[in-house]
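You will see two complexes here that share chain A, one where it goes with chain B and one where it goes with chain C.
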Partner chain A sequence: MLEILIHGAVSSAIYAMLAVGFTLIFGVARILNLAHGSFYALGAYGAYFFTSHLKLPLLPAALLAMAVVALFAIVVEKVLVRPMRRSQLAVLMITLAVALVVEQALFLTFGSEYRNVPAFVDAKFSIGGVDVGGQRLLALGASIALIALLWIFIQRTRLGSAILAVSQDPEAADYMGIPSDRIFSIVMGLSAALAAAAGVLAGPFLTVQPTMWLLPIVKAFAIVIVGGLGSIPGSILAALMLGYAETIVGYLISTSWTEIVSVLATLLMLIFRPAGIFGKRAAF
Partner chain B sequence: MKKFSVLYSAVCIAAGIAAAPAIAQAKPILIGVPTSMQLQVGRDTQDAIKMAIDDINGKGGVLGRKLEMVVADETENPETGISAIKKLTADEKVDVLIGGYTSGVTLAQLPHISAAKTIYLGVGAASPSITAKVKQDYENYKYIFRVGPIHAGNQARQVTGFISGFVKGELGISKIAIVGESAKWVQDLVPLLKKGATEAGADVRMTEFFDTQTSDFSPLLAKVKDSGAQYLVVILSHASSDIFAKQWHDARFPIPYGGIDVKSMDGDFCERVGGKSIGELAANFAVRAPLTPKTIPFFDEFKKRTNRSPVYTAFGANDAVYIYAQAVERAKSTAPNAVIKELEKTSYVGIPGTIEFDEMHDVKPGGKGPNFLFVQWQDKCKREVIYPKAQRTAAFMTPAWIKK
Partner chain C sequence: MFGKRIDYAGAVGFIVFMAALPLVFGGNYLIGVLTVSVIYGIWAVSWDFMSGLTGRENFGHSLFIGVGAYTAGFLNTAFGFGGWWSLPAAMVMAMLFAVIIGLPTLRLKGPYFALAMLSGAVIMQRLMLIFWEQTGGEEGINGIEPLIRSQLGFYYFALAALVLVTALLLALARSHWGLILRAIRGDEATCQAAGINVTFYKIASLVISAAFAGAGGAIYAHYQLQVSPQLFAVVTSITIITMVYVGGMASIYGPVGGAILLVLLTELLREFGEWRLMIYSCTLILILFFVPHGLIAPTWRRFRSKLRRAQ
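After this line comes the complex of A and B, so read on.
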């Protein structure tokens, strides 16, 4: 029982970090960014590259990876996404193209073999008789901290208010003198940094190889559909639901059934409540 | 400069024309290589074939003809695999195919290989269904041979030997759990393994399959622990080896594990997972040990040429070129029917052992033939052969956190 509680929390935390960024971009820019999983992959590869090739210590390497990924996301937004933001379909296509290009670039640069991102904590902890790797607990803690920081940033700062304003009504925000384009760039950078952080934190206990972007984007998609596109609390709740549902299925039924949970949840939600738990309106 | 290059081209063309009749007389023998080019198994297949080709061509080729290699990427996707076979047989008109990795892909390719009437020497896929076709429908599938690895059924037999001879016999553990990923060859293998282990007197506490996309093994590991098993036998191939090793180590899982772990056959697997596989036992078809007079020289030459340790496809691929070349020499032709007759008589001392084919055109395992070696990752990511006892290079090392 305690095992389900702990391991479910770790899975949920990683999912939440991915889904919150994904939904934030949608909430503000009204775009579905299929390259979001690539930010996760690039974060993990960045940490790998900086530690193993440039021999940087882990913490600077991790922060540098997050910064580089955020910068990359801002460039993608400015150069590729912004000119076609009016068309949902065009944005879907261009972000998918970015994801595939990143995958191929990783293939060519690092090969198809998985790589090792060193762990911040290698020790094992026993909580009530349950053995958990230290890096997992760190991922859980860091995820809670980062999402809380993001929440405070949005609710309490001037820039956060601007982000909220743009997400509520971009046109009105424009009239009030809020530079919505700059806000989009900032949000893109923030959510990419969050995805990169997930990559850096999960890399040591999950896989790091060029196709690693795909599963997270599928999960993030499922979570935001269940939680309601654009709603951060919805995403967090849905991430918890999915993380725990998968863990429970893994424990009680079989690990071979866990991967169907997210797909099933998405399907059921689209049929019965297309707006998601916290969504105010149907997204499609 | 421009004038010179025009002149140079003209000379080249003239030389080409002059040399044409000589080349026409000795048209090269084309070796088609369908493999997964992005993976190490694929890269090693190509490099090992190249090594054999260079060696044979250096000694004058086969029947006075040079060998040449044409590669097609079959990825891990059956559709792409079929296109690769079509490209090699219909467009390139190769004389022989040497390659393969994923059983699902090879099985999808079989009808197309048979339709093209081209000899196929498999060096990567392990499903027994592949060579079973030869017995079922010899006339259509006689083109299919497997040089390596030994097929899943024989692997099961040798893993069973490991469980009864080593886990039970030497470690004194009889309670085991078997987990494997949901892949075709694993599903073929696990029931055989369970039956064999039970017959050998082991108490199989649980068997479970997991999805190849699984990213969290904690539920599975918890179940294994709860089952009361004291040794964990794994069958891992395509996706999860690294995650499994990392999570086993991170949780300091109190049960040692070992079995078939395809990625853990790679020479650099241990470094790639940050040393977290230390303690794992993984079956391998060959390691740098004096298995035959060819084993150590091959490992050293391969390492010198590529700066990598070869994986199992390399042994099969290298041997396959020599086996085919010798069959052609004996048949004095590349006509498939004549070569097949000679291939069936093969007895070739290869890298993992002596290669001979049974009535299903499958490599015969055990004895002098290729064996399954159980190799443990030990301190500093060094590999040591633990079982069979005859080949042992070091004693078994219990992972540091497990009480003996």
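After this line comes the complex of A and C, so read on.
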């Protein structure tokens, strides 16, 4: 029971980090970014590369990986996505193409075998008789801290209010003198950095290989739909629901059914309540 | 009138070209590549009929392809039906699935519909793996009988199917029916207000699209002589959407060219070894970026208007 509680919390935390960034860039810029999973993969590979090839200590390597990924995301948004923002399908296609290019670039540089991302904490902790890897607990804590920081940033700072304003009405925000293009860049960078952080934190206990972007993006998409596209609290709640649902199904039935849980939940949600738990925007 | 004659001439030229290619160059390798490209053509055209016309991007087309292929596989190996039963059976099964998934999801728009269809395909792929005792799991179903023993004969059969499907869907798209579908893409509420039964048209077009995707799946099953859960994969749908995009959305004939072009491109890139997919993806970005309306259909339109002016 306690095992389910802890492991469910850890996977929920990783999902939440991915989903919050994904929903943020949609809410603000209306970009459905299929390259979001690539930022996660690049984060994990970045931490691996900076520690094993450049021999950096882990913490600077992790921060550097996040910064590089954020920069990459900003360039992608400026050069490739911005000219195509008129058509939603064009955005989906171009970000998908970016994801494929990233996958191939990772494959060509690092090969297809699994890579080991070093863990911050190697020790195992025992909580009420349940053994939990320290890295998993760290991932849980760090994810809560990062999402809380992001929330405070959006709610309390001037730049945060600008982001909120653009998400509510980009045109009106433009009239108020808010440079919406620059806001898009900032949000893209933030969302990518968050995904990269998820990659760095989850890398040590998940498999790191070039195709690792696909499943997380499907899950993030599912979570965001269940929570309501564009709603941060919604995606956190949905991440919790799906994280726990998967863990419970994994324990009670079999792990081969876990992958189906999130997709099934999405499909049911779309059929019965397409706007999601907290979504306000009409889906149909 | 003259424009129409150019179109017919273009279509005949294309068919003759495709039919003559294996005769001129020969070789089983080329025939194989062409057969695959023609089957992808069927899938791309059927995708375009529903999604291109109504503007609802179906990211789960592989669902219908897989259903068609597995129907063919089951009928042929488990129940011992002859190969030709596969085609109608696959179409009926795919249509059934289209009704089941279309009824609840077709009221959704844009990314919501895309994700709902994608989820459907992912669920089917997973179910194939979970019930591996019945479906053969990763390996799928092996030992399916070929429809036509000669490779060239099979290619001509697939080509004929492609021509038939394209002609049929093109005629539908240019009829009153196609007009309604385009109107739905423009403004659904107005269509409803005009007394058009929007739901019926959307479901019916998905069913038609699924039927031909399923038929294509059955043809593919009888070509590969085996089916695997990989047919349901998201990648299959995405490849098809890319082909339609390159061909020119909502033109119906464009995706045929897109499919053949991209399959040939993939084959030509084979000599680049592991750089192949990288070059392919970069080409894709360039195409998306510089010719957002596609390559084949707009080129043909430009060519046609030039001929007309010359006349």
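Basically, the second predicted complex is superposed on the first by the 282 of 284 C-alpha atoms of A that agree within 3 Å, B and C clash if a C-alpha of one lies under 4 Å from a C-alpha of the other, contacts with A are read in each partner's own complex, and residues count from 1 in each chain.
Please note the rule applied: a residue touches a chain if its C-beta (ideal position, glycine included) is under 8 Å from a C-beta of that chain, and two chains touch if they have at least 3 such contacts.
These numbers come from a predicted model, not from an experiment.
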- Figure out whether A:Leu270 sits in contact with chain B (first) or chain C (second), or with both, or with neither. second
- Now for A:Val98: first (chain B), second (chain C), both, or neither, which partner does it touch? second
- Check the residue A:Leu32 against both partner chains and state whether it touches chain B (first), chain C (second), both, or neither. second
- Message: Let me test your reading of the model: by the given contact rule, A:Thr109 touches which partner, first (chain B), second (chain C), both or neither?
- Response: neither
- Query: When the two structures are overlaid on chain A, which partner does A:Pro83 contact: first (chain B), second (chain C), both, or neither?
  - Reply: second
- Message: According to the stated criteria, A:Thr157 is in contact with first (chain B), second (chain C), both, or neither; which is it?
- Response: neither
- Query: In the superposed arrangement, which partner chain does A:Glu259 touch: chain B (first), chain C (second), both, or neither?
  - Reply: both
- In the superposed arrangement, which partner chain does A:Gln168 touch: chain B (first), chain C (second), both, or neither? neither
- Across the two complexes, what residues of chain A are contacted by chain B and by chain C? 107, 256-257, 259
- For chain C, which residues are in contact with chain A within the complex? 57, 104-105, 107-112, 114-116, 118-120, 122-123, 126-127, 129-130, 234, 238, 241-242, 245, 274-275, 277-278, 281-282, 284-285, 288-289, 292
- Message: Could you list, by residue number, the parts of chain B that touch chain A in their complex?
- Response: 38-40, 182, 208-211, 213-220, 222-223, 239-240, 242-243, 246-247, 249-254, 266, 271-274, 401
- Query: Quick one: in the complex, what on chain A touches chain B?
  - Reply: 3, 7, 10-11, 107, 111-116, 118-119, 122, 124, 131-136, 204-207, 215, 246-247, 250-251, 254-259
- Message: With touch defined as at the start, can you tell me which chain A residues reach chain C in the complex?
- Response: 32, 80, 83-84, 87-90, 92-94, 96-98, 100-101, 104-105, 107-108, 214, 218, 221-222, 225, 229, 256-257, 259-260, 263-264, 266-267, 270-271, 274, 283-284
